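Look at the two complexes coming up: subunit A is in both, with subunit B in one and subunit C in the other.
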Partner chain A sequence: MLTVIVYGLAIGAIYAATALVYNVMYSTSKVLSVTTGHIPMLGGVFGAYFIAGLGLPILVGLAGAIAVGVLFNLLTEIVAVRRVLARSDEHLWLLSTLAVATMISQVMALWWGTEPKPFPRLIPQEFAQGIGDQKYWLPVLAAAVCAGSLELFYRRTMYGKLFIATSEDAFAARARGINTDRVRALSYMLSGALGGLAGFAAGQLTFAFFALGFALTLNGFIAIAVGGLGSNLGAVIGGLALGMMSSFATYLFGGEYQQTVAIGILILVLVIKPEGLFGSKQVRPV
Partner chain B sequence: MTDRSHILRPVALLAGVAFLVLLPFLVRDQYQLHLAQLIGVYWILIAGLNLVVGYSGQLSVGHVGLLAVGAYAFAILTGRYDVSPVLALGASGALGGLCGLVLGLPSLRLPGFYFAMVTLAFAVIINEQSVAQTELTGGGVGLPAQGFSAPFASPQGFYWLVLGISALVTWLTWNVAHKMWGRAIIAVRDSEVAARSVGISVYRAKLIVFVFSGVTAGIAGALFASLQTYITPDTFVFELGLFFFTCIIIGGRGSILGPFIGTVVLTALPEVVAPLAKLGNFFYGLLLLIVVLLIPEGFGRLLTQAMTRLKPQAAESKVVAPDPARLKAALGTRAGNG
Partner chain C sequence: MFTFVRGIRILSTLGLAALITLGVAHAQGKEPIKIGWLSSLTGPLSSAAIAENKGVEFAVDEINKRGGILGRPVELLTRDTAGEPTKAVNFANQLIHSDKVHIIMGPVNSGESLATVGVIAKAGVPNLILGALEALTDPVKYPRAFRMIVTNGQWIKAANNYAIDVLKKQKIAIVGDTSGYGTASAKQATEMLDKRGIKPVISLIIDANKADLTDEFTKMKAAGTDVIMPWSAATSLLARMFNTRGEMQWDVPIVGHPALMALPVKPLLNKPEYWSNAFGAGYLTTTYDEQGKLPQRTTELMEKLRPALGGTIDFTFWWVQVGYDSVKVIEHAITKAGSTDPAAIEKAMSESNGLVGSYTTYSWGPTKRDAFPDAEVVMNVAGSFKEGSFRLATGSK
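Up next is the complex of A and B:
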């Protein structure tokens, strides 16, 4: 029973971290990128590649995984978001990010292989530790670091305030002399770093697996839709709740129903409270 | 000039239909016929999906779930309960429509990305359940599917069946797209607020089109199962849904010919050019990205633009110049009155 709760907490932490990545990108660009789940996936795969494949020290591997996340997300911004946002068509970004997500997913499948590969042990610890195992606590720690540092960044630093200004009203921010294009690119780099860190920390639980990308895109989105788009607190609570639910669904009904339960929650919340639990209702003035 | 295009269009249409009807006698081997059948089956789904994606602008990536529903319904009905294949085909279509209704009722109220994610989630659920419900679907092992009986049993006969259904579906979608309904859903795509303000029931328009696409997806699924003779959950992966979606976007939204050409090219190209088959989804993703960034209207739009440019323009010159006689008369009467 305790294992079920701890497992749910760990999985939920990964979902929460993915939801935070969604939020950071959404706040400055108003784009929900299909590539979001692929950043933690890249973090996990490249972490395993750097440490187990190339034999680099763990800290270097961590830095490498984060760098890959940053680079990939910056590339996404340049290729798929910047040009599309210049046009007024509403949903083109959905198509362009979907295209990038498909491409990176296929590239990883060809290069890394379609089988999940194990992630190396980060801290020397005996196996069979039960609930004290690092694979459960590292993702939770990483998600806490992500959420905490984001909160500090937004509240205490000048750049954080620029991010908030841009997300509240990009036109007004530009009128006050903020280079919103650069803020957007920076926010993508920041979220890439968060995603890379989360994927690296969660590697032992999820394995280095290319198909994790679309699964996290979907589950991170469910977390954010349940918690409320734009709210970091909502993202964390939504992610943890979703992780708990799918963990208990697996425990009670078997693994085949994990996704079905998660998606059932999503549809239920969207029907009853479309703006999410902690989201603000957006009414478009006509 | 207009007279010529009036003659040309039916001639081109007739030639196209004759080519498609006679195709079984023109192909070199069974494999090419199989490819033609597959294109036809995909097109039945894509023609319906085109109304949703291309005309009403709802980006559904989950129609592969509806295809799976139709395919499993057909395989179970014909294989386990000995229902005649034609009846099972109708039942698959009805079930597809029902699933479309159940999926559309909550999800069509949602804005773009949310809708796309819910349809993706639907495809994931269907895939998961087709593995989980072992006694119904055979689980990961899959199910054999029956072929059609007497007139449609041969490959040629099956091809003509697929051709007939796809022609019917194409005709239906053409009618929807070019009559008042089509105008309404195009208005919904271009601006929901404007559409609502002229009295279009946005939600109802979307829902009806979506249910129709569910019916075509169910029928396509039944034909797909019969064509493949054996179905497993691995067939109905998310990438297939992406493929349908890509065909429409590449062909061009708001056109029927464009997505059709997209379907033909994207289905046949990986079969003909072997290296592309290995890259698979990367190739589709790249095409999608190029089209979205460079020609968001799709290749179909390029085609129509080229056609209008090639057409000999009537050298109609309107000279704007004063007509002295009439001017004088007009001035004269005014002067006389004054």
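Up next is the complex of A and C:
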């Protein structure tokens, strides 16, 4: 039973980190990008490529994985978000980000291959460690670093306050001279870094596998919907709760119910508390 | 005078008609034989298709260099389905209605084939089936669909027989993944064991991407399992099974799906020795005998294809063999039929018994659409891969 809990926490941490990535992007653009889950996927694949493929030191591999996340998400913002938001208020970004997600998934399948590949051991440790194995606690540590650093960023830095200002009222922020386009681009770069880090930390658990992107996009979305869009605390709680419930459902009922439970949780929360556990109700003046 | 002119006109008309008919016949004689090839060359299920494609292209080149089939060149129309049933159906329709192919090979994967077999059958086009699911062939529903490879049931039967009769195990744990193939195969394996009077001690369905299997293995051990039989083609799941077994230091044999021997499993293993005590369903033609030799029909094709394969054969060779044989079977069927008429091809295929190929000896019949003989399914040792083939498991025929 202890392994059920530990595994649930580990996988929940990956979902939590993905939900945080969603939040950071949403806060400045009001876009729920379908490419979100692909950022950790790229972090894992490129981490494996840099370290195991090119033989680079682990820290260089980590920096490389984060850099790939940053670049990919910046490209997403330029190609699939900025132009769409400039032209329309409709949710066309859903299609444009879906297109980018599909393209990057296919490119990775062609270049990296369609079979999962191993992710290297990051810390010297024997394999038979049970719940003490680094593959469980590295994702948890990464999620904690992502959440902690975001809190520090928002509270203690000027750019963090610019992000908050833009997310609360983009028009007012622009009126005060804030370049909201640049803030949005920076937020996408920041979220790309977080996603790259999360994927790198989770690589030993998930393997370096091109097909993880859409699965993480879905589960990250469920986590943020459960926790509350716009709330980082909600993202963390939602992700961990989703991971734990999926793990217990698999243990008690079988693997075929894993996705059923995940979607069931989403539907339940949307029915009872549509804004999520920690989200705030949208007030619309009439 | 009038009669003479009229006679000249009639003769001219007849002569023109004769010339046109001869011209058409001559053109048809040179009209290429079009083979549609539905192959998932990209996407998540591409490894087997890419290897099969090498065999297919080589066979087409070989036939065309010898003058084609019935003097007609072979034209291969390849469509990359990317492993998606929707694309497979769209391409099947395109091949049938736009390209007007004479026969279709594939798709390579059962999931795609399930979507296309009815569509192709409805159009009356002969179809060589390359998927293992039993439902893909039916002499009544799909009279022109002929299977080239084993059925899923043959894999399961060989594995069951090995686990029970050779390894002498009775406490079987069945493991399937959450895909359609995994759940259906786990159910089929349970039913086949039941016919032998054995009830699995535990049956588990696991998500192919589940990153940790400690709980599943703990449950299997607690149930008294003495052999684990996985029915999944997901190499990541299979590798995690080996890793978990190794980390628990539980030396239970793992016997089942051919994918547990697949090369992509190896780099995912935490230690190479975790791959021991594992046996997958394989084929006589890609199994080394006690002297370390492969059957002649395999080595012959291997040497012919080696330059085209880049020298080293680092993938499962039976994929190449079945691709090559598929085209050769088409050559045989059309030659025997004397034409590309679908009904004639169906008749020719139904009367093809004991057709020796590289992959196996094919036998179809008026109500038999599955060609692979039980006697040529064997058990191989996982981790014994060498040049596309495997070692025979001790005690397997």
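Everything below uses one rule, namely that the second predicted complex is superposed on the first by the 284 of 286 C-alpha atoms of A that agree within 3 Å, B and C clash if a C-alpha of one lies under 4 Å from a C-alpha of the other, contacts with A are read in each partner's own complex, and residues count from 1 in each chain.
As a convention for this text, a contact is a pair of C-beta atoms (placed from the backbone, for glycine too) under 8 Å apart; a residue touches a chain by one contact, two chains touch by 3 or more.
Not measured: the values here are computed from a predicted model.
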Subunit B and subunit C placed together on subunit A: clash or fit? clash
Considering only touches as defined above, state whether A:106 meets subunit B (first), subunit C (second), both or neither. both
Q: Determine, under the contact definition given at the top, whether A:98 touches first (subunit B), second (subunit C), both, or neither.
A: first
Which partner chains sit in contact with A:114 here, subunit B, subunit C, both or neither? Use first/second/both/neither. second
Comparing subunit B and subunit C in the superposed model, the one touching more of subunit A is B
Is A:256 contacted by the first partner subunit B, the second partner subunit C, both or neither?
both
The shared contact residues of subunit A with subunit B and subunit C are 106, 110, 254, 256, 258-259
Residue set of subunit C touching subunit A in the complex reads 42-47, 177-178, 183, 204-207, 209-212, 214-215, 218, 235-236, 239, 243, 246-249, 264, 267-268, 270-271
In the complex, subunit A touches subunit C at residues 3-4, 7, 10-11, 106, 109-110, 114-118, 127-128, 130, 135-136, 205-207, 209, 211-212, 215, 250-251, 254-256, 258-259
Counting only contacts in the complex, subunit A reaches subunit B at residues 32, 79-80, 83-84, 87, 89-92, 94-96, 98-103, 105-107, 110, 214, 218, 221-222, 225, 254, 256-260, 263, 266-267, 270-271, 274, 284, 286
Per the touch rule, the subunit B residues reaching subunit A in their complex are 57, 59, 61, 106-107, 109-110, 112-114, 116-118, 120-122, 124-125, 128-129, 131-132, 193, 238-239, 242, 249, 278-282, 284-286, 288-289, 292-293, 296
